[in-house]
Amino acid sequence: MNRKEIAAAIDQLAGKKIDMQGKDFFLTWEKTRDELDATFLVADILRAMRENNVSPRIWDSGIAVSNFRDNSTRTRFSYSSACNLLGLYVQDLDEGKSQIAHGETVRETANMISFLTEAIGIRDDMYLGEGDKYQREVAKSLDEGVAAGVLPSRPTVVNLQSDIDHPTQSMADFLHLAHHFGGLDKLAGKKIAMTWAYSPSYGKPLSVPQGIVGLASRFGMEVALAYPEGYDLIPEVVELSRQQAEASGGLLTVGHSMDSAFAGADIVYPKSWAPFDVMKQRVPLLHAGDQAGLKDLEKRCLANNAKYKDWECTEEKMKLTKEGKALYMHCLPADITDVSCAAGEVAASVFDRYRDDTYLEASFKPYIIAAMIVLGKFKNPAELLKNAVQKGTSRTLGL
Amino acid sequence: MNRKEIAAAIDQLAGKKIDMQGKDFFLTWEKTRDELDATFLVADILRAMRENNVSPRIWDSGIAVSNFRDNSTRTRFSYSSACNLLGLYVQDLDEGKSQIAHGETVRETANMISFLTEAIGIRDDMYLGEGDKYQREVAKSLDEGVAAGVLPSRPTVVNLQSDIDHPTQSMADFLHLAHHFGGLDKLAGKKIAMTWAYSPSYGKPLSVPQGIVGLASRFGMEVALAYPEGYDLIPEVVELSRQQAEASGGLLTVGHSMDSAFAGADIVYPKSWAPFDVMKQRVPLLHAGDQAGLKDLEKRCLANNAKYKDWECTEEKMKLTKEGKALYMHCLPADITDVSCAAGEVAASVFDRYRDDTYLEASFKPYIIAAMIVLGKFKNPAELLKNAVQKGTSRTLGL
Amino acid sequence: MNRKEIAAAIDQLAGKKIDMQGKDFFLTWEKTRDELDATFLVADILRAMRENNVSPRIWDSGIAVSNFRDNSTRTRFSYSSACNLLGLYVQDLDEGKSQIAHGETVRETANMISFLTEAIGIRDDMYLGEGDKYQREVAKSLDEGVAAGVLPSRPTVVNLQSDIDHPTQSMADFLHLAHHFGGLDKLAGKKIAMTWAYSPSYGKPLSVPQGIVGLASRFGMEVALAYPEGYDLIPEVVELSRQQAEASGGLLTVGHSMDSAFAGADIVYPKSWAPFDVMKQRVPLLHAGDQAGLKDLEKRCLANNAKYKDWECTEEKMKLTKEGKALYMHCLPADITDVSCAAGEVAASVFDRYRDDTYLEASFKPYIIAAMIVLGKFKNPAELLKNAVQKGTSRTLGL
């Protein structure tokens, strides 16, 4: 995108009907299609500004809180990069990984860390039934803080992965698809296979596959969700996605054959996750710190997983896809057979061929996060970005 | 405050006789009344600038060191927010929590971390007789570094809580009072009850109550300090506060009845602390890492504390205060009966009524810290702020 | 340096023939003399700009990754200060101290953390044969990321200490020498004694002495390397330094007498290190986590070290140097006899006399690091700095 194209994209953004200011980004399916499109547009514009050496710095000072209840090097970097791009300083909030704060503590902490804060990114995906709930509790506390005149403005909460959705991942994935296929409008009619894949580990969260089916079902695509019997996702998310798929002129199928899902697919997203049922059983064990119980559950799960080692994205499986050339996607890191493990989600030769694609896929995440922050904070993002372009501060003095 | 009022406040600041540049902020009672007033003024001006979207960024680059020898999420955020507001990047110095560096190590480290450093915030409150001493040792090393031509300028040291005083807390508390009552000059004649309160924990530092009596005694107030027999503060601090109270036209009383302290009070500050005597006993045990000794001391203290469960800020106690409507204050987090513990410092209904007030109270801390840094670094803070206002950089490009 | 002198230094820089953009700074001996001189010049210019209140901020936003595989408060501060000075935000990459990532993991992580990254500082000095290798593996991954269009630009890798060289230390040391003696051209013919010294600890890396002989041998100096029998450095580094010394019109001698090395020296650098042979034996033990084996090795080493307690930089030894007034150098912290230990590298009275010199020595490191980043990133650093000076943003609004 050159500067003329940036201006055109800003005009396009101005035409979107959105109501995002003062709100948070928890689940893609709470946002309208125009709001999703605005998010993609802002991400593209910010990236293009940076690439044209126009600083997308919106703030001269300001705090962005990073609250990672699980470890994550990559999401941490994406979030830091996004915040820094906009001019925010990232301050980590480390509440202790095992404790889940509730009630008074959440309310108080949310206010205490927000006096000069513009954005709060939260990753909390390990406890089924709790991550999303916690994020909303923080948001409610912030609303109360603003209402009471304690906070000068409402920090926007960005879901950096919850038990339900992983919108910064799925939105980055789809911005990648938009670039790969020449526009989001090119996705209608395309088939995406979101399938389970074997991994020697267990307990991977459900939010990635849920995020993908929850978002893919907005674009008139054929979404083929497939997993071994018993590896269900949260039923409500699948049902909602089915309805969304139909409403968008697409289709959601749920099956138990990787081959059927791959057959004729334009895009494949093979990825391990733990069954919904197991994730439910884990929560009380984690809360109780019941190491023996967790060990036992892990053992049973790994034994069960081992029955499905053939759920691997091999060359043979890839041949089933559209002209054998489906786009392979992964949120990374992938479990690569003979590279990171003896048997995993994907064959080394397949991963090798698509490595750069998966890296490109990841490269959109900082811009998606930055877009979510901009849209959560400013009433008129088009005017804001126009101002920033006109101001024209160089991101770097050198070339 | 609008822009006109900001200009007026800057003029007022210009009229204060201060000698703070190149110095540190350790104890409020080392500062003149004009210097305290200047600190309040700068804090108000910085806050108003930000609220009027005028960036209070004074530095384009620069380091602020954060040295927390005790954990503290909130003070950490206050310090980061303050430094970021002024344009400084916070770099944590983690020397290890149990070791106390001395002599050569302090001298060397103080210089090594200060080549491009503008401010050093230190929190060191657990060891009676050591926190303040350590901060002064750092300051002395910095003086030597400047004298030797090793450091280009003198970083200012801000006491983020020592064994003696907690000036960022007490100053924020009193800026809150100034806003609440319509000016610091309105405090003369008012009664503030700084009282001990029961908590199921033990070992809370003395610096909060000491900071409050040490500062409240500057404004012509009636300061009613009350605690169970044996829960003394550092005697020298109380004696000095008594003298200050008299000099300012006020009064300091020390008693052992919460009811008497609360009677007719305009402000109440009920808060747990460990007896001076216990804090003294703890130091050698902490240094020796004597877990058994610490356990034993804790046990004895908690047993003693338990005799004073009636030292709780209940609705009944609040009724004793001026028209039953004294302003409740707390540095947070408070031990709230039936919320955070079975029996604590304050009844839930009392805390509920004053929750927003305590949050507002806390909201002044980042600005107080920023003011201390500005005053410790710049000779003519009024001119500096005038320049910043005239420059008029927007804190954010959007609205 | 005043502004006129800054302009002159920039002109001088423009005359240097360098090819550093898009490259990394691993070993000083991979750089031409012009490239070393350019690094010294940029460091001096950046320092002078800051001291003249001209902001050397080159970036409005951007990430600098800090990857410390060993603990280091001081290098961490130097790196942060350097990055902040240039406008970069430091994000720590903590991969876990004991694991050494390889292959796929390095490739992927290097890309994932670099989408908006300008510089990557790596310290990895504990494992002989691995630190330098790892840094080059990261660099290769970045090259591939740029070639694949995944990364918008090539982050420059700065070696913050490897198993082979410690260029930010040695370059800072020599910038200190340039200032001390009135120019790098004054070093030709001077004698520098890089000697082993006794320390009650063991396992200190070889990269400091190797870095010093590897760099000192570029300036026509007499480099006297001395250590007890068996305390060899990596043979290839010594051989290469010998050749460099000859090529530059100087001389490298290797001996086993501290007295001979000190005799007539202009500069002495007495410093403990572990024998090459021991460092080699340690690697498999460290990888295996063989605590008993490590304990045993340490015991044998300390016993061996103890034979050489007379390798101490005493007043007597200092008397052997040129007029008894050689400049004492150390990378700090030094093991000071009767201060930090019972018997160490240097006598207290010697260290006392040179303390400020060693602090000044250290003060150049942030600027050297910043210079390495600038030169690794920008094609025309002279023009860049000219622009920054012309832009003339104040580093601080106050005085």
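So that you can tell them apart, the chains are marked A, B and C in the order they are listed, and the count of residues begins at 1 in each.
We adopt the following convention: a contact is a pair of C-beta atoms (placed from the backbone, for glycine too) under 8 Å apart; a residue touches a chain by one contact, two chains touch by 3 or more.
For clarity, every value in this text was computed on a predicted model and none was experimentally measured.
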Which is it for copies subunit A and subunit C: same residues on both faces, with over half shared, or different residues? different
Through what angle, to the nearest 5 degrees, does subunit A rotate to match subunit B on its C-alpha atoms? 120
So, in whole Å, the Cα centroid of subunit A is separated from that of subunit C by 41
By residue number and range, which residues of subunit A touch two or more other chains? 89
Hey, which residues of subunit C end up touching subunit A in the complex? 58-63, 89, 91, 93-95, 103-105, 108-109, 111-113, 115-117, 145, 148-150, 152, 374, 377-381, 383-384, 387-388, 391
Sort out for me which residues of subunit B touch subunit A in the complex. 50-51, 55-57, 73-74, 76-78, 80-81, 84-87, 89-90, 332-333, 336, 339-340, 356, 359-360, 362-363, 366, 393-399
